[in-house]
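Each of the two complexes below includes chain A, the first together with chain B, the second together with chain C.
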Partner chain A sequence: MHHLIPLLVAVPLLGAALLVATGRFLPRIAAEITGVVVSGGTAALAVVLLLNSEPPMVEWVGGWLPVGGESVGILVVGDGPALGMATLVSLLTLSALAYSWRYFDEPPTGHTGAFTALMLVFQGAMCGFAIAGDLFNAFVFFELMSVVAYALTGYRIDEAKAVQGALTFGVVNSLGAYAMLMGIALLYARTGELAMTKIGRGLDATGHSGPDALVLASFVLVLTGLLVKAAAVPFHFWLPDAHAVAPTPVCMLLSGVMVELGAYGVWRVYGTVFAGPGGIPAADLTRALVTLGTLTAAVGAVMCWYQRHIKRLLAYSTVAHTGLFLVGLGVLTPEGDDGVALYIIGHAGVKAALFACAGVLLDRFGSVDEHALHGRARRLRATAVMFAVGALGLAGLPPFGTALGKAVTEEAVGGPLTVVFVAASAITAGAVLRVTARVFLGLGPRPEDAEYETSGSDEEPETSGLLSRIPDTMTTVPAVLLAAALAVGVVPGFGDLVAASVNEAGSGGAHVSVHWTLHGVLLGVASTVLAVALAGLAVTRPAWVSAPGWAAPLRRLQSGHVGDYVAWLLMGATVLGALALPGVLGS
Partner chain B sequence: MSTVMHVLPYLVAAYVFLTGCYGLATSRNLVHAVGCLAVCQCATYVLLLAVGYRDGATAPVFSDIAPGSRPVVDPVVQALTLTDIVVGATVTALLLALVLQIAKRHGTVDPDELRELRG
Partner chain C sequence: MNRLRLWLLAVGGAGLAALLVAACLDLPGFGGRHHPYGDRAVQASLARHTANTISSVNFDQRAYDTLGEMSILFAAVLGCVVLLRQARDEHRAPPEPAEVARPVRRYALLVLPVALVTGLYVVAHGQLSPGGGFQGGVVAATALHLLYLGADYGALERVRPLGVYETSDAVAVCAYLVLGLASVLAGTAFLANTLLPYGTFNTLSSGGAVPLLNAAVGMEVASAVVVLLAHFLDQAVEIEEEHGS
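Moving on, here comes the complex of A and B:
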């Protein structure tokens, strides 16, 4: 069975190559069917592998087995989290392709299937990153998924904002990737190994007296790359710019799973490489991740609240939620890992569905601006219901999967950090509910414009002309995604299954029972009530919750200037080093 | 060889990387910015090759020397550098294409004038 793991990367890449080679001779329908078949086939393969991932599998690609403990081969791992992420990637790609069935009605002439081919490469690269067992291949797939994501973000090259957002995305992410590569080179210099487990053992063998400056430098550099991808503050500036301008099916993947792969990478790299006695002490990682995660959740939630561009609003809610994921992973308990895994699965469904609904607005009205659309979408009842349900899922209303994941994580982090979880999910969900109330129900007065913001009007629809009727695929896909997010929390035993496979890979098989608790349900209901209250207040008494003076500088930081974002990246790396420094000094 | 010569390549790598970052942060032209990104990547080449260096070693090509007859530099990092160069070429080409489109659509390549996406 383990011989099949590399196919998760090979099948989408071959499918993409086929589409590029034959695309210009194919009618559009044939190209799309090929895309869906290849993507769906990979998803099926991922599910089959996932069901057989106990005990965890390892595969040396091409039969380059280690000789006498030394290896130069490419290592891929097939444990629960790796294959789980690959499955999530594949299923989400499949739904994005299904959603884009009627999208891009007129592909550029002579390039039928170009979009589908890019989506398949994206899927293959993300699967590759998920299953990579050595750091250099993780870097290669990291760069591959980044490059495809830049191309997909700037897919509509005639749009001024799209190319600008794609360039910002490209510069910041590639710089992060190069920082990561510098860190990998330092680790190789110390241990002479590239496979993650062997680097970890090498560090433990050489670092009897604990970590030194080189280990700290490599830790900071590798984590910088991964946290740029995970959009942790202050590495997050590229994300709203990219997500606001990317085509909607691409946003579903970017927000739903690519950003989360950054958090997954942090978990994988810390657990396998730096967790030993020669690595970074647990207390330092907890300090770094919990600090940055809390900051990310706070900044993401506040900025989310003040957006009027609906896709940008959803992008900031992704920032806030990745902050929560980092906090959950940072406490380094099996319960925290399990909760975050469930949270990521539930969040992927909910966030992709919300982006899909925003896409409906874009193609129906040519605008994703909350102010311009005020009351105009009253007749889109199905979309309105799904948007509201998605908001409730974001808030963590039981029995959504997000609620189960959030409850388990809250229990793991405990104490005052619970407040961060409740507040961040309530504020982001409140913002989405406010959009629902204004756009779909036309409640409240039309809000006034602020001076420093990105409006969402005058956007080009992604179909040929504005749609008069919403195609069935564009309503079915978000409905299915929301149902899946609900099923994560409802299907009995699913949580335990996820917990068992995550712990087998990460926490030495610690047994954790994941189930609904009264405490968790009450906190979930509390954030939902808070979200509804915030939305109600925003609609009826806009002045009470409008941007206060102290929020203005926060908005000015998001300056749209790529040089500023690079400076922030360097500062973030310095902060990361400072947060991890005490353990190195103390050893 | 002296300690200075051993440490020098690492200092050069750090210097090149930070120079590229400085150029990116202060760039007034996006073509220049993409060039600066390529400079940052050159730092990774220097670092990788420095890691694999051995005193008195030759290139890891065994067409004219017998394996084991004399020391060779680490071939793994050279393979990594080659892969890295391919990755860099892809990124630079794509970003330059995007800059071209920005110049067409915005009529400028000065990041100071591209402030549409903000707040």
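Moving on, here comes the complex of A and C:
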């Protein structure tokens, strides 16, 4: 069974290569069927492997089994979290491909299968990153998923905004990747190893007196790369610019799972490489991740609230939620890891569904502007219901999977950090509910335009011409995704299953029972009530919740200037170093 | 905003620089004798009769990384094909024949076959001597473009049917993957180099699957570079913006 793990990468890549090789002769429908079959087949393989991941599997690609504890080969891991992420990636790719069924404008001449092929490479790359047990190999797939994502983001070349967003995305993420590569080089110089577990052991063997500057620098550099991908403040600027312009099916993948893979990478790399006595002390990691995570959640939530471009609004809500994931992972408890794992699964379904609904608006009205669409989407009842349900999922209304994950994480972080969770989820969900009320129900007065805003009104639909009728696929896919997000919280035993496999891989098999608690349910309901109240206030008394003076500079930081983003990236690396410094000085 | 950017750049850059300098002071000394990975890699390479250890690392020991790297090139080329396609407000104009200085023309046409053969040689001998699919592929692909320098764009286009190169790019990726999957079908690990005989050390057919994977990468890189350059050249030479837009 373990020999099949690398096929999670090989099968989608083979599908993509076949599509490109035959692309010019294939009719469009054949290309799309191939895409669905290949990504669905990979998803099935991932599920089968996941069901067999007890006890966790490992595989040495090329059959280079270790001799005397040493190997020259590459290790891939087949434990619960790795295969779970691969499954999530594959299922989400499948739904994105199903959503884009006959949806796009005509494909580029002579390259019928190009979009589908890019999506398949994206799927293979994300699976490869999820199962990587070798740090350099993780970097290779990190690069692969970035390269495909740039191309997919800029897919609609006729729009200047799309090309600009893709360029920003490309520059910032490539810099993150270089930082990561430099960090890997430093670790290799110290230990002579590339497999994550071996690097970890190498650091412990050489660092009897605790970490030194080299360990700190490699930690900062590797984490910079991963946090750029996870869009943590202040590395997050690329995300709203890219997510607002990428084609909708691509947004579903970017926001639903690619950004979360950054957080997963932080968990994997810290736990395997830096958690030992020669690595970065736990207190320093907690300080770094909780600080950056809280900041990310706050900035994401505030910026989310003040957007009128619906896709940008959803993008910022992703920023806010990754902040929460980082806080949950940062406290380094088994419960925190389990909660975040469930939260990520639930969030993927909810966020992808919300983007799918935003895509419906774009293709029906040629606009994703909350102000311009005021009351215009009254007829789209199904989409309206799904948008509202998605907002409730985002708020963490029990029994959604997001609510279960959030409740478990809140319990793990405890104390004042609970406030961050409740506030961030309530504000982002409130913003989405506000959009629902205005766009789909036409409630309240038409809001006034403010200065320095990105409106979403002069957008091109992604279909050939505006849709007069919404295809069934574009309604079914978000419905299925929301149902899945609900199932994560409802299916009995699912939480325990996730917790057991995460703990087996991460915290040495700690036994944690994941279940609904009164405390968690009350907090979930509180977030939802708060979200509804905020949305109600925004619709009926817009002046009360309009942007205060201090929010303006925050918005101006998102300048669209690549130079600014690069400067922030350097600053972020320095801040990360400063946050983790005490452990190095103290040793 | 400019001011803030400069401040951020200064503080962030200084912090990161300080961190890197401190890290470099902790690096192991230059020219040490302790190379745990290098020693193991050379042993493994010799055990499989591959004279060029780098190729053994690229196409045998860490062939899975190479799969990722060739996919990056494949995806980058596919991405460029998509991004550099003709936009709605652009049209194609046939390129003007260009006047080429006689010495340049003679030199280019003379060197072209030499460069092409050199490229193929570098690919073919990847398992024996420095070089291999990545390097040789680039040499072979650039050799073709001497025609652009020596003659003109029209001449290059005649020897460069893009569709064929795009297909061969994808076919090469398929070949690499199929070679990897063959070993899974045989019941061993993905990309295991255990199906073919290792041959006689330091001959062209040595190294088991290494020459095959190397050739697939050579084919992929050569086609990919041709396609990539073609799309950039198209933008520069053929595709023009509509007037008045």
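In the analysis below, the second predicted complex is superposed on the first by the 586 of 587 C-alpha atoms of A that agree within 3 Å, B and C clash if a C-alpha of one lies under 4 Å from a C-alpha of the other, contacts with A are read in each partner's own complex, and residues count from 1 in each chain.
One rule holds in what follows: a residue touches a chain if its C-beta (ideal position, glycine included) is under 8 Å from a C-beta of that chain, and two chains touch if they have at least 3 such contacts.
Note that the structure is a prediction, hence the values are computed from the model and not measured.
The larger set of touched chain A residues comes from C, when the choice is between chain B and chain C. Shared-chain residue A:L7: touches chain C; no touch with chain B.
Of the two partner chains placed around the shared chain by superposition, chain B and chain C are both touched by A:G563.
When the two structures are aligned on the shared chain, A:E59 is found in touch with chain C, with no touch to chain B. Once the two complexes are laid over each other on the shared chain, residue contacts for A:F136 go to chain B and to chain C alike.
Using the contact criterion defined above for the overlaid structures, shared-chain residue A:H511 touches neither chain B nor chain C, since it reaches no partner. When the two structures are aligned on the shared chain, A:R446 is found in touch with neither chain B nor chain C. In the superposition on chain A, A:L181 makes contact with chain B only, while chain C stays out of contact range. With both structures placed on the common chain, the touch criterion links A:I157 to chain B and to chain C. Looking at the shared chain after the overlay, A:V147 reaches both chain B and chain C. The contact surfaces that chain B and chain C form on chain A in the two complexes overlap at residues 72, 136, 140, 143, 147, 150-151, 154, 157-158, 163, 166, 182, 186, 188-189, 194, 556, 559, 561, 563-564, 566-567, 569-570. Partner chain B is touched in their complex by these residues of chain A: 72, 136, 140, 143, 147, 150-151, 154, 157-161, 163-168, 170-171, 174-175, 178-179, 181-182, 185-186, 188-189, 194, 240-241, 244-245, 306, 450, 452-454, 555-556, 558-564, 566-567, 569-570.
Interface of chain C with chain A (complex): residues 1, 4-6, 8-9, 11-16, 19-20, 22-23, 25-28, 34-37, 40-41, 44, 57, 60-65, 67-69, 71-72, 74-76, 78-83, 85-89, 163, 166-167, 169-171, 173-174, 177-178, 180-181, 183-184, 187-194.
Within the complex formed with chain A, the residues of chain B that make contact are 13, 17, 21, 24-27, 30, 33-34, 37, 40-41, 43-44, 47-48, 51, 76-77, 80, 83-84, 87, 90-91, 94-95, 98-99, 101-102, 105-106, 111-112, 114-119.
On the chain A side of its complex with chain C, the touching residues are 3-4, 6-7, 9-10, 13-14, 16-21, 24, 59-64, 70-74, 76, 108-111, 114-115, 117-118, 121, 124-125, 128, 136-137, 140-141, 143-144, 147-148, 150-152, 154-155, 157-158, 163, 166, 182, 186, 188-190, 192-194, 212-214, 216-218, 220, 556, 559, 561, 563-564, 566-575, 577-578.
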